[in-house]
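Each structure below is given as structure tokens.
Look at the two complexes coming up: chain A is in both, with chain B in one and chain C in the other.
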Partner chain A sequence: MAIPVRKFDAVIVGAGGAGLRAALQLSEAGLKTAVLSKVFPTRSHTVAAQGGVSASLGNSEPDHWHWHMYDTVKGSDWLGDQDAIEFMCREAPNVVVELEHFGMPFDRNADGSIYQRPFGGHMSNFGEKPVRRACAAADRTGHAMLHALYQRNVRANTQFFVEWMALDLVRDAEGNVQGVVAMEMETSEIYVFQAKATLFATGGAGRIFASSTNAFINTGDGLGMAARAGIPLEDMEFWQFHPTGVAGAGVLITEGVRGEGGILRNAQGERFMERYAPNAKDLASRDVVSRAMVTEINEGRGCGPNKDHVLLDITHLDPEVIMSKLPGIREISIKFAGVDPIKAPIPVVPTCHYQMGGIPTNYKGEVVVDGNTVQGFYAAGEVACASVHGANRLGTNSLLDLLVFGKSSGNSMIDYIKAAPKDLPELHTADVERSVARVERLNTQKNGSNVHEARSAMQRTMQAHCGVFRFKDMLAQGVEKILEVEKLVKTTEIADKSKTFNTARIEALELENLIEVAKATMISANARTESRGAHVRDDAADTPENPNGRDDQNWLKHTLWHRDGNRLDYKPVNLKPLTVETIALKTRSY
Partner chain B sequence: MDDIHLKRLVWRSRRGLLELDLQLERFVAEVLPTLSDADLAEYEAVLLLPDNDFLDYLNGKADCPDAQLKPMLERIRAAQH
Partner chain C sequence: MSMQTVKFRIYRYDPDKDAKPYMQDISVEVDPSTERKLLDALVKLKVVDESLSFRRSCREGVCGSDAMNINGKNGLACITDIDTLKQPIEVRPLPGLPVIRDLIVDMTQFFKQYHSIKPYVINDTPAPDRERLQSQEDRKELDGLYECILCACCSTSCPSFWWNPDKFVGPAGLLAAYRFIADTRDTATNERLDNLEDPYRLFRCHTIMNCVDVCPKELNPTKAIGKIKELMLKRVA
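Moving on, here comes the complex of A and B:
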């Protein structure tokens, strides 16, 4: 087997915020750094982040990193590791000011300082009152961040490999990471990228669900590669959902629509929120609305041929009001649901937005398995689980996560590379051969399953059995079903076997990554019998001992899913910060 | 335009924003195979737009300053209905 090998000091997979931030650190240190990306860097999914990036700069009013830390721990429902959270919140002002110096066009105050706006969950003085902590560049914060970081990387001579897909991690006999196997899309040629240090910054895997706000590229490639290489995935049961996305598309309908008088209806046309929240009705909190929607669907009162969504009705509103106050929503509905909301209700469903779990790392970005770092392997951003988001993410902490842990993993890699022997070790080829065989299987599969059908079966299973609100029996059935879907994924067949930009082959390979995430999510969620943060179960009752169904006695611990045998084990939450006192457990309420 | 070029355009229709993925998915499936070489060159130019601008132009939230791109943006928009 003659697979060409390209050699670098560092190889980074993924060119979103975390990958670019890490690459910059490495390239500016003079190290030979390769960044692989399926798409052009500034078209990474980071571009979709609008809200901002949080940092306790205190430009408008007093703020402190310790208060930010408190909000993050509380947001995480105490599942976040407090050392990593302290590190992130303390570093936040530094990385934001650095980004400003890189040319990020932040909104500004009259005095030239970075303008900061309020955001849900950002409070001063340990939860006392709202504080302005979010820094933004209009509604294009992620976009501006990618551009600033990309330009800076070009200047620093980072080597970009655009339209390349990483296929598998390469580990030696001791488990040390030696790089990745990757495919050039234009030719389908396979190469090894060998490096002293390898970083995964591949983003999330929201496409495991039927309804997701994630772009099509978010297929959890890093998670799939890590799982196949024997790295466990942490806390994969925790996913953030939004109550109302357009069914079948995933584009969000703002909650302001219910504020303007929008009513949720089931298949019988019933205004079902009256039963779940007699006073607030359709204006009940996000959690209550999501739970009610899922319960209606689960009990057979969903709409459409598959009874898999409900309807958001604004037909009773004056068309003038819809045109003037909700023009964007009308456009979205017409475009993505094929429905003019002036005339007919909009099909909606709870929609996945963000993945809290991922590859287990410490706050230095080093991948940690069984208490030991995996030599030469790092992860940062949505693919990683440091864990700063725990069971639920505080708004604007996602962009912060990219900057802080992109930088810290870059620094850790620099130290590791400088201490490593000058010459790369001999390449261990077992993983390379397995990877090549995986692609070859696709080229030779006969009488196989259809990629689109298998993916759709996975997405429908995840949405119905493991969505925003979860039921014991549905989860148990979901485990069986997703293992059945996995059999389809193992036998996918592609009609087009051509070499150049073969999107069918790429989608089949992406599906092999998605299914690993789907299994991890379903199996981890089935096992966690409490409710915590974004993992909410019907059978985890709200009792005085376990408020909101959270069971600290038994479940204050991180899940670790191992691909081999779908085995689960657990590790304790790190409740000890680096320099301050533990933020003590209490009931999470807002 | 050769097959490689066409397939590259199909892949480059994968974007960072879901709203673009969805709109281009329909366009790629229904319209792209019918385009002339000149049209494909225009589509290639449109794909170079930054995602946020591209979406704003498709949604009519902003006017594309490059008049040469407007006809193709209009065709992508028309494919949604």
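Moving on, here comes the complex of A and C:
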């Protein structure tokens, strides 16, 4: 076996917001950096983010990073690590202003400053009333941001490997990370990318569910690679169901619609959020709104012939506001719901959107296992769990996460590379051989299972057994079922053996990553016998000791799922911020 | 639910096994209540014939992956309704670019032209502590420009780009060029105009306007090109 080796200072897997922001730090520091991406960078899923990126700029009204921090801790249902949350919220104004300097076409206020809109869960003065914190470029903030970051990387001469899929992490005998094995999609050729520092910025894995706002490419590749390499995955039971996916299509409708004044209504035309969140109403946090919607539907107040969705109403807004602030939403609504929102409300339903969990890191982007950093290994963005989102992410905090932790991990990598010996150590080939064998198994499998069928079985199981509301018995059955699906995934067979841009092979390899995420999710969810944030189950009752079913006595801790034996262990939540006082545990209400 | 048959004629070519490209007649059953877009049908076709190769990602018209030639016109499969298309639906790769396999084209030349216009804000004045201020009117100048998704529908529908893909920047690249010229934060207008003052780079646009006709984001590269030409003339005068 002679797998060619390419050598770099740094290798970054993924060219979405986090990967591009990190790449910029490294390229501008003059380090030899390779950025690998399954798709051309501007096709990464950051492009689909709509509503905004949060920062306490205070351009329209007083705001403070400490209030932002409070909201994020509360939004996380106290599962977020308060050091990382403080870091993110303090850094927010800097990284957003920097993005503006990079050329981001933010909307503007009359005084020329960046336009900000209200968003769910973002409040002033420690939870008092909604505040304008979401910096926006119409409802195309992710698109504008991804293009601005790509463009800045063009300026910095970043070296991209476009349409390369990373297959596996390479670790040496001590567990230090040496780089990745990757496949050029056009030729199916396999290379090792050896580097002093490796960053995973591979995004999410929403495609484990049947209905998701996520792109086809969101297949949890970084999570699968990490799990196979013995890195545990943190808090994988926490998945955000976005309240407003277009019913039937799953396409996202930004929370910014409610930020601009949109209202959710049930079949009786009632603004039902007033009953569930009397203060924040339609701008309560996403887990709260999604549960309220599903409760309305379950109790027979859903809309449409099948009473299976609710309505998002903006017909009362000035058409001028819709055209200038929400043009993309209008386009999506017309194309995917057949409705012009100026004239009629949009049918919406909670849809799987974001994974709060991921590869365990600290706020510097370093991967941390058993209290120690894994040498040479970094993760940022949705694939990482810093943990800033805890049990539930606030809208606009994901784009912020990409900027803050993309940058901080880039800086950590620079320091690490500069301190490392000049020459790369000898490549440890055991992981390389395992990776090549994995592809070879796929090329030679006979009488195997069908990729599409195995993937559908996984997606149906996740949807039915691990949704907005979770049930003890269903979770237990879900674990059995997912372990059955795993057997299918181990024997997938493809008929197409072409070496030229073989997307059937790519999809089979992606499924091997998805199944790791599905197992981690189901097994972690089955074990956590409380309700917290996005994880809510029937046997965790709302009692005076455990309000909303949250059991801080037993469950104020992070889950760690290990692929080896599906073992779970736990680590404490860091309740100690960097400079301010702990935001004390409190019952969560909006 | 009643299923509906969709008939296709699809361009197929795998250099590993095909001596030359051919058109494949194939049909697929879709559920018209949930599978309304051309991409839905193609994804379903791939279940029947996994060797069918095409790019796709966001499936909502913002990533620009699934541009193709649909019944003779460039568009995105994910936002094209099946029921607006005459059947059999003839699907081909974007015209004018080398085909890698089936509907997947080599976009190197397209991106090379995009990169050639220096697609980033140039401003050598020291950055202030806060954001650079921009009036709402000035920001409005960027609308209709910054929304480009680099799908290449426009450039690959342009005869001038077909003939001179190495010399003519093409509508997508020129739209981007004007996006930076129009940005009040960019200080390199002169340098950008110099970069385009050439018989081919800008002036091969003969306002055929195919680009405007096919843009899935309803942008107007021809108008942007016209504005660049105006600035060139003003500069001379």
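Heads up, the rule we're going with is that the second predicted complex is superposed on the first by the 483 of 590 C-alpha atoms of A that agree within 3 Å, B and C clash if a C-alpha of one lies under 4 Å from a C-alpha of the other, contacts with A are read in each partner's own complex, and residues count from 1 in each chain.
Methods note: a contact is a pair of C-beta atoms (placed from the backbone, for glycine too) under 8 Å apart; a residue touches a chain by one contact, two chains touch by 3 or more.
Keep in mind that what you see is a predicted model, and the values were worked out from it rather than measured.
> Could you classify chain B and chain C on chain A, in the superposed arrangement, as clash or fit?
In the arrangement built by aligning on chain A, the partners chain C and chain B clash.
> Looking at A:504 after the superposition, I want to know if it touches chain B, chain C, both of them or none. Which is it: first, second, both, neither?
In the superposed model, A:504 contacts chain C only, not chain B.
> Which partner does A:334 contact after superposing on A: first (chain B), second (chain C), both, neither?
First partner only.
> Between chain B (first) and chain C (second), which does A:551 come into contact with in this model arrangement: first, second, both, or neither?
Touch status of A:551: no partner.
> Regarding the shared-chain residue A:39, is it in contact with chain B (first), chain C (second), both, or neither?
both
> Have a look at where A:151 lands relative to chain B and chain C in the superposition and call it first, second, both or neither.
second
> Let me test your reading of the model: by the given contact rule, A:110 touches which partner, first (chain B), second (chain C), both or neither?
Second partner only.
> With the two structures laid over each other on chain A, which partner does A:140 touch: chain B (first), chain C (second), both, or neither?
After superposition on chain A, A:140 lies in contact with both partners, chain B and chain C.
> Between chain B and chain C, pick out the one touching the greater number of residues of chain A.
Touched residues of chain A are more numerous for C.
> After the superposition on A, what does A:101 contact: first (chain B), second (chain C), both or neither?
The second partner, chain C, only.
> Touching chain B in one complex and chain C in the other: list those residues of chain A.
In the superposed arrangement, which is not itself an observed complex, chain A uses residues 39, 42-45, 47-48, 140, 143, 147, 186, 215-217, 249, 251, 328, 331, 335-336, 498, 500-503 for both chain B and chain C.
> Chain A touches which residues of chain B in the complex?
So the residues of chain B touching chain A come out as 3-4, 7-8, 10-12, 14-23, 25, 50-52, 59-60, 80-81.
> What residues on chain A touch chain B, complex-wise?
38-39, 42-48, 140, 143, 147, 163, 185-186, 212-217, 249-251, 328, 331, 334-336, 498, 500-503, 506
> Would you mind writing out the residues of chain A in touch with chain C in their complex?
39-40, 42-45, 47-48, 57, 97, 100-103, 105-114, 137, 140, 143-144, 147, 151-152, 154-155, 186, 215-217, 248-249, 251-252, 328, 331-332, 335-336, 451-452, 494-496, 498-504
> Any idea which chain C residues touch chain A in the complex?
Within the complex, chain C contacts chain A at residues 14-17, 33-34, 46-47, 50-51, 53-65, 79, 100-101, 104, 107, 111, 115, 118-121, 123, 127, 129-136, 139, 142, 146-147, 149-150, 180, 183, 185-186.
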